[in-house]
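Presented sequentially are two complexes of chain A, the first with chain B as partner and the second with chain C.
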Partner chain A sequence: MISASAPASAADSGVVEAYGHRPLLFLAGFALFWLVISGFFALVAGIQLHAPAFAAGCSVMTHGRVVALAETAFVYGWLGGIGLALTLWILARLGGEPLRAANWIVAGAAFWNLGVALGLVGIAAGEATAIPLLELPLPVQPLMLVAYGAMAVAGVLAWTGRRRDVMFASHWYAVAALFLFPWLFSIAQVMLLWFPVRGTLQALVAGWYGQGLWTLWLAPLALTAAYYVVPKASGKVLPSYDFASLGFWVLLFVGAWTGGRHLIGGPVPAWIATIAIVAAATLLFHYAIVWVNLRHAHGAGVPLKFLGFGLSAYVLGGVLDALTAIRGVAEVTQFTYFSEAQHQLAFYGAISMMLVGAFYYALPRLTGRPWAWAGLVRAHLILTGIGVVALVIGLGGAGLVQGTDLNNPAVSFAEIAAHTEGWLLLATAANVILLLGNVLFLINFFKSALCPFYAAAVKSYRGEAALEAAR
Partner chain B sequence: MTPNDPTFQPAAQTDEELLNAHEALLAKQPDDRAHYKLMPLALLFFFSGLILFAATYLNRYSGHFDKTIYDENALPTDHNVEVKIDPVVFGKQLFASSGACVTCHQASGQGVPGTYPPLAGSEWVNGPDERVISIVLYGLQGTVHVTSKSFNAAVMPSFGPSGFNWSDEKIADVLTYVRQEWGNKASAVTADQVAAVRAKDGAHTAWTEPDLLQIK
Partner chain C sequence: MKNGAILFLGLFAALGASWAGIVVGSSTQFGALAPYYDQVADQSYPNGLAGEAARGQLVYRDLNCASCHTQQVRRAGFGADQARGWGERQSVARDYIYQPFVQLGDSRVGPDLANYAARKPAAPDAAAVYRLLYAGQGGMPAYAFLFEERKIVGQVSAQALPAGAGVTARPGYEILPTPRAQALVAYLLSLTSPYDYPEAKAAPAPTAEAKK
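Up next, the complex of A and B:
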């Protein structure tokens, strides 16, 4: 048990019960479930890239729908759910008070996950929108917005009601994520779906939303967790913490301006691409500061291994964004599998890995007992580590081959497909490994988080029964 | 339970210690006995370099923030520039456009024997400018003799005011194209010539062969 482990953590876990762990476990459990679901669809989508006839007879399994299903389950189901659960927990810990408005979290989490489920059914039925990262069918979106708001209430209360008037880096990123997602999500809904803007502006708003979702929501969620767990686990003060706020503001101000990088080489006025290139370069400063601040993430222990991996992927992704934004490079990489590799590096390698690391740290403090199986934790670490590297290398290699071939008019489409096949097979193998790792993760979670409740329920039932018998 | 137990990561500091340690770092004032820490020099140079790059690049490749400039190397131009169009190229597009000349006269200019007269080698196409302009502007009905064959089955529609309502430029360009294609060797037709015919005949109805032959 935790109280027997270390003096510091004994003091640390005394308030476990008070933080209202059940709503957060409820939210996190669904998130893990969506992670496995999205892994399944990602695998199907990956197979279809080198075997186009795979599941082609089934309308639900057509490539466009499967890609949208995988992406939606991953971003809104998994990253959003786990990110929010960790952010609420960290805000409560730093506030030093029990989590308030827990009912709001339960209601919000129920409707958020209902929204994800309905959204996936809608997408499978062919009702997806045509906007990347916003494929959720239109009627579901307001529900998701309200559900998110309900959960965010608890976060805002934990922040405003903190015991000491101190702001730590995790506070900045957490509050930014809580407030900026509703803003991004509602504006994108109105401008793209309810009253769609027309022409070039539509592509621009879609690019802004896709990039904003990453820089203004997912990255802050992951950094909230990283800035909290790294010093907690390493015991060290963050190096050059004085400049952490500069890194934060650079991300907030410059981040969304990089949205236009998705349109470099596309039919937009030149200045939009130019601004995006400049923003992508300036954002390197944010990545440099995060790297300097969190360099102790590369330490011992499973949470830090995940966080260190995620941090490396985060910074590498930022450097790649800046490099591929350069027009000469974008000429080859843009609109190929290479963009997909960058996407996976950012969403899977960086955000997901950091959140998993923080969750490995958090769960024993939510349940009051360690993870059930050490072997599954190690297996998950190894499998996801290999899986993400293989996925990014596979897609990246395919993208470079594809981009070079596309620029050569002598090469036909059929030849390009043949040239990329080996790389795409590697990516599919990676998807298999990742799915396997995440299934183990889910099993371990069920055993660690739900069995204690079950055991306690059985125990109390038997206790009552024994009492009855004694009378 | 060892420190490297994968099932549980012990906390190395309490939340209170974490907040205090980092609060202390930010609380330092610049004049607090020189305890103020400068940004590491490498980071400062890096940031300055990025800003320099950003400003230079933005200035050089902004396209003056003009919504009509798609090439980052281009400079803004006067938007009322007249664009020179090759009448043969544009005429060919018009000829082949849906529902226009190509439908009856065919891409080969040979028409359909017995139904639609040919344009290739036609004495009408290669004849006086005003005649051929009149045919396209107002149309032609009744029997017509082309390359000593008689055609009576079809009607030539008007591309002028009572039909497709093409502009003078369009009619001039399509005629210029037809009059130099398939071995035809007649002079180009200008928009001014078409405008003159239009002004002279106003709302004329479709022409017939005998009336057309009056035009010299």
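Up next, the complex of A and C:
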């Protein structure tokens, strides 16, 4: 085991960023753009839940397609893009060498984002696969795979060419994310789209992929960032770091087995659900270890505020997953808005918030100047904080009402809609707040990272501590 | 952890284990599930989707109907699926073996559709489904883009939607389902659970006498 103190010295980082920052900004900028786009579609989809006639006149804005658009832009456009940009940056910093193969990142990022754009057009036109978390139209998927591989080259080179032999926790998670996504993605493509398996095996493979996407790709991306930024930004050593490797291997070996919890009571063998229940409970070890390791995330400063929020959401989501995997609870929450609330808590509250926090930490170090508007940073923090809490509470409340009502055959669907309307309005308000916050985030990013006029004004490299806005 | 090779092999093992366990394991268990042959009726179940219904499933898929409708009836005593008239038995894996794109779904904003065409108390007919798709009802939005309004030339077409209950065409015009709507309705009306497979019924509970 190695010490948990900051692995890359400050002297290294200047060299790293001098070469690597433009490709990473390119990748991150597109990711932010997709975040706003997905927020727009999420808002439309949310409104349609309590006002079904909203924008239903044209096929492009059918609820099913809008849901797929929002999810695809969020997961592949936003989370994938920003997560990869941060992971590559962290791998370069930990390696203590300038980022190599930067051209590969640019080419990969260009085609990755082209893939997302084409995918969204395809979904809007009716080419979606109708498989949750794998909605991208079939022809786009090989493109995405190759583009991801091109970007990952830089990460693998930074990992294998690291200056010191030891590996930090961020290394493990980063390498896991780099290697496991292409495997998962290609297996799912082959088994679901090129040569589809038979019958309800499709649902099983889709469930395995969806859970794997989260536990083997998105969570490692977020934890790469959290394990790197939390000790740096808090200035404290990670507590109980010796347990971090146990937390890592528990996530990797157990995580994907929880996919079957969505199929409880479904037309698949019962052991699928049983093993998922056991796995969801076992995974609590992982959440406990992450909570202990990263508890200094609950500190001062904007990056830590986001990371602390994300960490709390991450652990709460894990506990909720374990609870709702129990059959008696699933009987009520299955197929309801409550699942959607858990989904938002995991993807938005946990992964996205942690990545945003790390990005607030990373951008000043990539560009060599602070965030342009400290006020917008604070506004973004407040708006997303409120937005995520309101979204999860709104959907969760709606889900509990809906689940109880569905199990009472005397309650009609019209009555269920009336009972859940208030909660769903809260969720829609949350979507408005989130969209607003993310627009501010995008504006601030453009001003901070891309405005050349501003760039000319600040030439010298200021000390790291002075770089964070709104500290 | 210092050794990159061990990390890499560990990652491979982690992914491989869950894949082998969940995907390969269940594939060997029921990946080759055969249709059930009823000797008395001299007929095997389930049957594949007829041509028009198979095209309709593509429409169902491209509109992502599964974002609001499931197609899986849970067993009696686990939820109120059967009490709601969605089916008289739970859905089993054998029901889906001939479906090209299984649409189990994971959300019940709308009702379950696994047994839509044989739903209790009243099964819908084609006219009702067309009307529902055209005009919507409650939480179900109107999918008017699946229909076209056409000027009546000569006689009113036999396929035109009858007026009333949300269907109103301009004078001299009629509302006709597009081929997509026809395929979708054919698919929806093909959704039944036609046969009680042995595995679909719960084992009879032991009586008090038998327990002794």
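Note that in this section the second predicted complex is superposed on the first by the 434 of 471 C-alpha atoms of A that agree within 3 Å, B and C clash if a C-alpha of one lies under 4 Å from a C-alpha of the other, contacts with A are read in each partner's own complex, and residues count from 1 in each chain.
The working rule: contacts are C-beta pairs under 8 Å (C-beta built on N, C-alpha and C of every residue); 3 or more make two chains touch, one makes a residue touch a chain.
Predicted model, so just to flag it, every value in this text is computed and none were measured.
S.K.: Quick one: is A:385 in contact with chain B, with chain C, with both, or with neither? Answer first, second, both or neither.
M.R.: Once the two structures are laid over each other on A, A:385 reaches no partner at all.
S.K.: Name the contact category of A:340: first (chain B only), second (chain C only), both, or neither.
M.R.: Second partner only, chain C.
S.K.: Give one of first, second, both or neither to describe whether A:182 is in contact with chain B, with chain C, with both, or with none.
M.R.: After superposing on A, A:182 lies clear of both chain B and chain C.
S.K.: With the two complexes superposed on chain A, say which partner A:243 touches: chain B (first), chain C (second), both, or neither.
M.R.: In the superposition, A:243 contacts chain B only.
S.K.: Tell me which partner A:285 touches in the superposition: chain B (first), chain C (second), both or neither.
M.R.: first
S.K.: Could you tell me if A:62 is touching chain B, chain C, both of them or neither one (first, second, both, neither)?
M.R.: After superposing on A, A:62 lies in contact with chain C but is clear of chain B.
S.K.: Count the residues of chain A touched by chain B and by chain C, then name the partner with the higher count.
M.R.: Tallying touched residues of chain A, the top partner is C.
S.K.: Pick one for A:126: touches chain B only (first), chain C only (second), both, or neither.
M.R.: Second partner only, chain C.
S.K.: Taking the superposition on A as described, I'd like to know which of chain B and chain C A:304 touches: first, second, both or neither.
M.R.: The answer is first: A:304 touches chain B but not chain C.
S.K.: Output check: A:267 vs chain B and chain C. Expected answer is one of first, second, both, neither. What do you get?
M.R.: In the superposition, A:267 touches chain B and chain C alike.
S.K.: So which positions on chain A get touched by both chain B and chain C?
M.R.: 166, 267-269, 275, 327
S.K.: Give the list of chain A residues in touch with chain C in this complex.
M.R.: 48-49, 52-53, 56-59, 62-65, 67-68, 126-130, 132, 135, 159-160, 165-167, 172, 175-176, 179-180, 183-184, 187, 191, 196-205, 208, 212, 216, 245, 249, 252-253, 255-257, 259-260, 262-263, 265-269, 272, 275, 327, 331, 334-336, 339-340, 402, 406-409, 413-414, 417
S.K.: Spell out the residues on chain A that touch chain B in their complex, using ranges where they run on.
M.R.: Those residues of chain A that touch chain B are 2, 4-6, 8-9, 11-12, 93-94, 96, 164, 166, 168-169, 228, 231-238, 240-243, 267-271, 273-275, 277-278, 281-282, 284-285, 288-289, 292, 300-304, 327, 360-361, 364, 370-374, 377-378, 381.
S.K.: Which residues of chain C touch chain A in their complex?
M.R.: 1-2, 4, 7-8, 10-15, 17-19, 21-23, 26-27, 29-33, 61-68, 70, 72, 74-75, 78-80, 83-85, 90-97, 99-111, 136, 138-145
S.K.: Provide the residue numbers of chain B that touch chain A in the complex, in ascending order.
M.R.: 1, 3-16, 18-19, 21-23, 25-26, 28, 37, 39-40, 43, 46-47, 50-51, 53-54, 57-58, 61-72, 74
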